[in-house]
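Letters A, B, C, D, E, F, G and H mark the chains as written, and numbering starts fresh at 1 in each.
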């Protein structure tokens, strides 16, 4: 554990990395990039590089989330070997995920437009050590798409379901399986569905139990929760 | 048609019944009771009784909607032969619905708690001249209930779908049938679903096309719209 | 019907087209473009081109909705003969609508600014096989404009009414005709009317029955619903 | 004028009547009763009685608004000669309104349920010295009711329009007359119209200019504003 | 009056100008530009030019509101002599306002940032024939600024008060004068005040009577209402 | 499994129990009582009694949630041996929970007022087969209360955290432990916290990952999800 | 300080009083009564009585807030000597406030209806050791009432300003004095002001700096904050 | 004091600087830049330069807040010696803050992204004459960061706590210290936390007393309030 008050990870008046998190919570801190300036993101990446150069071996995998092109470039400057999954706006360092243990995480999404959040969830679960798989475009406007995937969905120890618009998919999935569902509302939609609030409300109101909801577009949080949930489940192949 | 300015249906400073509506719209005016005082409701019922006594034969069927026990009693006082469906909070006068014509209206509801609005829709469609049927408790937490009813739902020329909570049922139904769906959000629910706004938003955001939404708990409006939609469809048995 | 699990229309981890929809619902799936990336839209158009080249004859007419210039270009690249109605942000393939059957759909809009959504509704109804016509700029600030069009509006078997700002036009129209009204709120407006939520609320609250509301700016949904509603009505000339 | 700091109308730690208001604004302070306890209302009425007994002749007419039966009784105890209009929840003291001057105020309401707010507006205008008249139940679901009243509405120097539900009536009225319109949203309605917020938003978004909106159910404020607006207009008969 | 159905002002499928409005309402239709495309605005300006060239003399003054640089240029192309007040985003044609009659309109604004809406109100009142004056920057954070202007404000027959942020100025002004107040919320503000909704709510909730509220940033509507209100008041010098 | 279309659990036009749920999901259907009438609740309890009398042994444990005194009495009439936990508004039938398996569920609540929802969660987890424990009153206004309980909280395989008001407790707990957190917002609070929406928003916005949120006051859903999450964890003592 | 884990103030599974608060924060914990049942409130009062009987002398003054008649009776049963201020819904034990030190707290309220919250603030400040005074009914609809009190308000080291409706009073007061203002929105109002959210938004949006806002009707929080703010100010006479 | 009506600081129809504010309130007026045009900001800076050139010595320190690069340049043009803190979007003139007096203000922020608002608060407090210090990145997802800073936080006479997302930090801080807390919600966040409203609601709902909330991102207001609060506290070293 980092001693309180020690210098590691702290830049006075600017930053205080939670380097103790992996020990305390089982998963290291992630860096949310989009509310930080490019120089701030660069400084954080540099601090991780510095700590690593000083021999800290307990830092990773560090995830940089919601990173646009400019922020990704700043991170890759300091940590050139990091993996960059542009479709998920995510960077991971070190680049290789750990050997998977625990139960299978399946991330299902209602439509093609939900892919960025869904991919962020899938990669997060994988970097936190779980086998993970993605199933796309099974929205409920055509139930046969979902039904043809039910056997596969029932293999999972936890299913993350991403949906925008009416956000109804998690209810339907949860009603068909015994594993817990992490509902991931996305900002996909327009009119009263714009921004994802309607999807979030629908998921909180789900008439099927067994659903835990995360913030809109919070693929990282969904994948993190799924990784925690599946920790004790029998290990599955990806 | 009532002459504009004529006395029929008008009580100066209080009331001006739209007696022309049946001619103009194909369905007579209904009386929304819950925002009126008991004496106001009584006076309106008395005016209909008076007009009828004066030989007007073009008034009915008049529907009194959202009537609690006190308002129902006031109406039955003036129009003792009226039908009173307490579960739908509705009174109809004259009591017998017209001989059904046009396509079948099916009213489906997600849960037992949605029955009052669903029944109001069913009765309205029937009093406006359509064959009508009710299917209860087919919410999407258990899809097999809905699926076992699909053949029946596909007989309808229009399906009214009532749901509270997450309001997801209309999307799923609309995705499986070719008839138009009237989505009827209900105020059933608690937490973020309380009052029915979440259900209404979900229905407006439905990822399946072919859905027209009415106000929360507006069973009358849903049944009225369904009756208009099915006017030209091949006549079905109830 | 596409066999569940078959490869047609499915690109694993990305897309699963609902090719069964025309058979099941009477109208094929449409592609909502604005929440998809340009490469995603291009891939979908290419899949349709591929399926067509393989001899599938049951796919169309396919509508691409909410397509900006870049997405339209990507679609036209794959399906060069598609019709592109830029004012409605819509592409249709194959380009010729079917021979019209069923009742007349009239799309009326309150102001010039509502034209994009109104045109999308009109074209959707036409590509789904109905005679369709557009009446523009009959907002209720000057009732004579509406009144001079009433005889025409009464010819329709369904009227789609598009309005932003106060969203009051559908109520007034519905009160004057016997056909059902599809209310289409638009995002036209500013201040408390910005984004169209006020218009949507007004339409849901309409004091005249016979109105089904769709999502804000959802011209496609409005036209689709109107096409379903008018299916059985006596065929009218456009 | 009451001297600042003087005792007239002030009960330390409880009350400080704005006895200067009639001089400063042309209309005396009114007492909003429903947020006050019965003893508080009683104490205020008693203070007016005391001031009157001391010979103050510049106090009235004092209006007590939103008074239920218990508060009305408390007021009548202290000021037994006050007029009590229970339908408007209003008491006026002294009971006789002033001789009317200025332009005619017409208060029009959409439905019977809007009468309480409409009557409060009518009586307020009359007690502030204007000729005033009420026209009930001319909602836009049947335009002929409004149209048959247009000649009468055009006599007014200001029209107050009360409406709940969709709140669309003020727009339609304003579009037909040259006098300013005071839009008075009411809490009449259910579902998304419950409480009157939708009506208020509609009125603020009106596509016709010439409308000033007051708070929901604020009949007093509407009548007060109408009385100010019509002060200079040619005097009309009531 | 334009005959209903006549061609004047109507472009089928696009536009139907309300040329009857000046006769009916005392003020001609204005053209709200920001929700229209540049070609649409250009076509409307051209139609006015055409009508004028055909000898119509009853059209003006026509106001074009919420016009940015591109729309202003399109208007000036068709109507080169129009006045363009860029700070108010307004164009007027013909450029000279009528000789003022009726009571004085004063437009007061809380801060410098409220000037665009305030100027739009001032110019609208002037083009509708009233003497009009602007008082800037008298927000209530420093009451002496308002108090030093009270004698001037008391000369007005109607005061338009524009304010963003907390929107409290109209209440304070209304409490000090006998003329009616038109409250004009502006979108000036940030945080919970962003967009002007808080200001609008404050104004509707004003504890002082005598206030009519218009939509956020609706300077045109405020000026129009003020011009109607002051029509009968003794004529004042500007 | 109940055959689709079979009579078990279905009362036409009223009810269609999801008797297949235990097989499909691992937990039987629960009956949400507060939106149903007393006779409806009585009929459902009677149907369970009837099914049991007919020898069905796969029904339980059935939970009746959100049951007030009248509904509880109706249930106990039909199922006299049911357990009734009035503080949790819950009835369970048969009354004895199954032998616990899987990981420990701890339900922690911020204040005494959150106990009803917390107890409902605790009992649900226990009736779905988990060891479960309750820790009360550890709100973050005094962190030492939470800190003294951390060793205990770290024993759990899942922690349900119930909180009203600011809803901040789940974030703080999640930040200190490695098990997943189910956040249960309660309707405890007043002012902007009334009804629990603020607590729900806070929980969705939590800056610590590892939190899944359920609907406000949905203790049943929280307990159900926790029971699913802990299914595979090493069995703990209660 | 209470040892973490010690029994004082803790009733397992129900309650854990923060007895350390006075040492840590300078003011003891208060008991919010309205979200607790009567037996819960009774148990808490009994626990305080027990602790006192055991010789704890560091507990008070304990405030019981938002207590209705039934809860007050339960408290007085256990702590018969407690002070009960029914108008503020507050009980204090021991009944005598401490000798005042620090700067003067003035609580000003806009109207008579704001008195309950204002009185709660005044009493809280006094029981936390400050000289405190109440000024009632100085709403901004008549500025002279406020202005006549300015010399008095300027004596305070902190002014709590309670207001409902438009919530504009804190801005005006803050603009005239140099002491910090605690803005206390109240739920007094109707229409868009109902519940106090508009007042809270107005206060957060105040165009005058120097204002800190507390929750709606949170007189306790306002008085507590004012007591902290005035701790170091020169002691004033009450 | 500026004489009411005098020309100093007033540009007719545009601006009326509150030059009396320093005398009346103890702190001079600040200029909120982002809602003003660049020429308006330039004119205000020029007016200050002019007043200074005329020998006014009672104007400063003047703060220009929320100034982007273009507005900063305009200010530096007129007042070249002004300090420009780009990270806080703030300019101060004259550039040197006064010698600090009164109690220490500590500004703590939850995350790196909250720095702009936090720095604005810190600089405002310093320019209004207080010793001020910044502590960054002590969000509650890792409590040890906060706990290691508690001794330092307890030195402050007032702590400003800036936080976005869930906005929970002020509650936790307030619960640990005896000084008052100014809660500063920031717009940092996404999904339901976007724009900062959730953070503001959380802070208003804080279950710990002793918190006053300012508008979202209102670092200036927070620093101003903190400076007023700490005026009388024993002077601390920065």
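One rule holds in what follows: a contact is a pair of C-beta atoms (placed from the backbone, for glycine too) under 8 Å apart; a residue touches a chain by one contact, two chains touch by 3 or more.
Predicted model, so just to flag it, every value in this text is computed and none were measured.
Peer 1: By label order, what chains touch chain B and chain E together?
Peer 2: C, D
Peer 1: Quick one: which of F-H, D-E or F-G reuses the C-D interface, over half of the residue-numbered contact pairs in common?
Peer 2: F-H
Peer 1: Specify, for the interface formed by the sequence copies chain F and chain G, whether it is same or different in terms of residue numbers shared by both sides, with half as the dividing line.
Peer 2: different
Peer 1: Any idea how many Å lie between the Cα centroids of chain A and chain E?
Peer 2: 51
Peer 1: Cα centroid separation between chain A and chain C, in whole Å?
Peer 2: 36
Peer 1: Would you kindly tell me how far, in whole Å, the mean C-alpha position of chain B lies from that of chain A?
Peer 2: 46
Peer 1: Can you tell me which residues of chain H touch two or more of the remaining chains?
Peer 2: 24, 111, 141-142, 175-176, 189, 191-193, 200, 204-206, 215-216
Peer 1: Go through the chains and record each pair that touches.
Peer 2: Every touching chain pair, ordered by label, is A-B, A-C, A-F, A-H, B-C, B-D, B-F, C-D, C-E, D-E, D-G, E-G, E-H, F-G, F-H, G-H.
Peer 1: Quick one: in the complex, what on chain A touches chain F?
Peer 2: 24-27, 30, 103, 157, 175-180, 182-183, 200, 204-206, 209-216, 220-221, 224-225, 228-229, 231-234
Peer 1: Flag every residue of chain G that touches chain E in the complex, lowest number first.
Peer 2: Where chain G meets chain E, its residues are 110-111, 139-143, 165-168, 171-172, 174-176, 189, 191-193, 198-199, 201-208.
Peer 1: In their shared complex, at which residues does chain B touch chain F?
Peer 2: Going by the criterion above, the answer is residues 111-113, 115, 134-138, 141-142, 144-145, 147-148, 164, 188-194.
Peer 1: Which of the residues in chain F end up touching chain B in this complex?
Peer 2: 4-5, 10, 12-16, 18, 20-21, 24, 29, 32, 34-36, 40, 44, 66, 185, 187, 195-197, 200, 215-218
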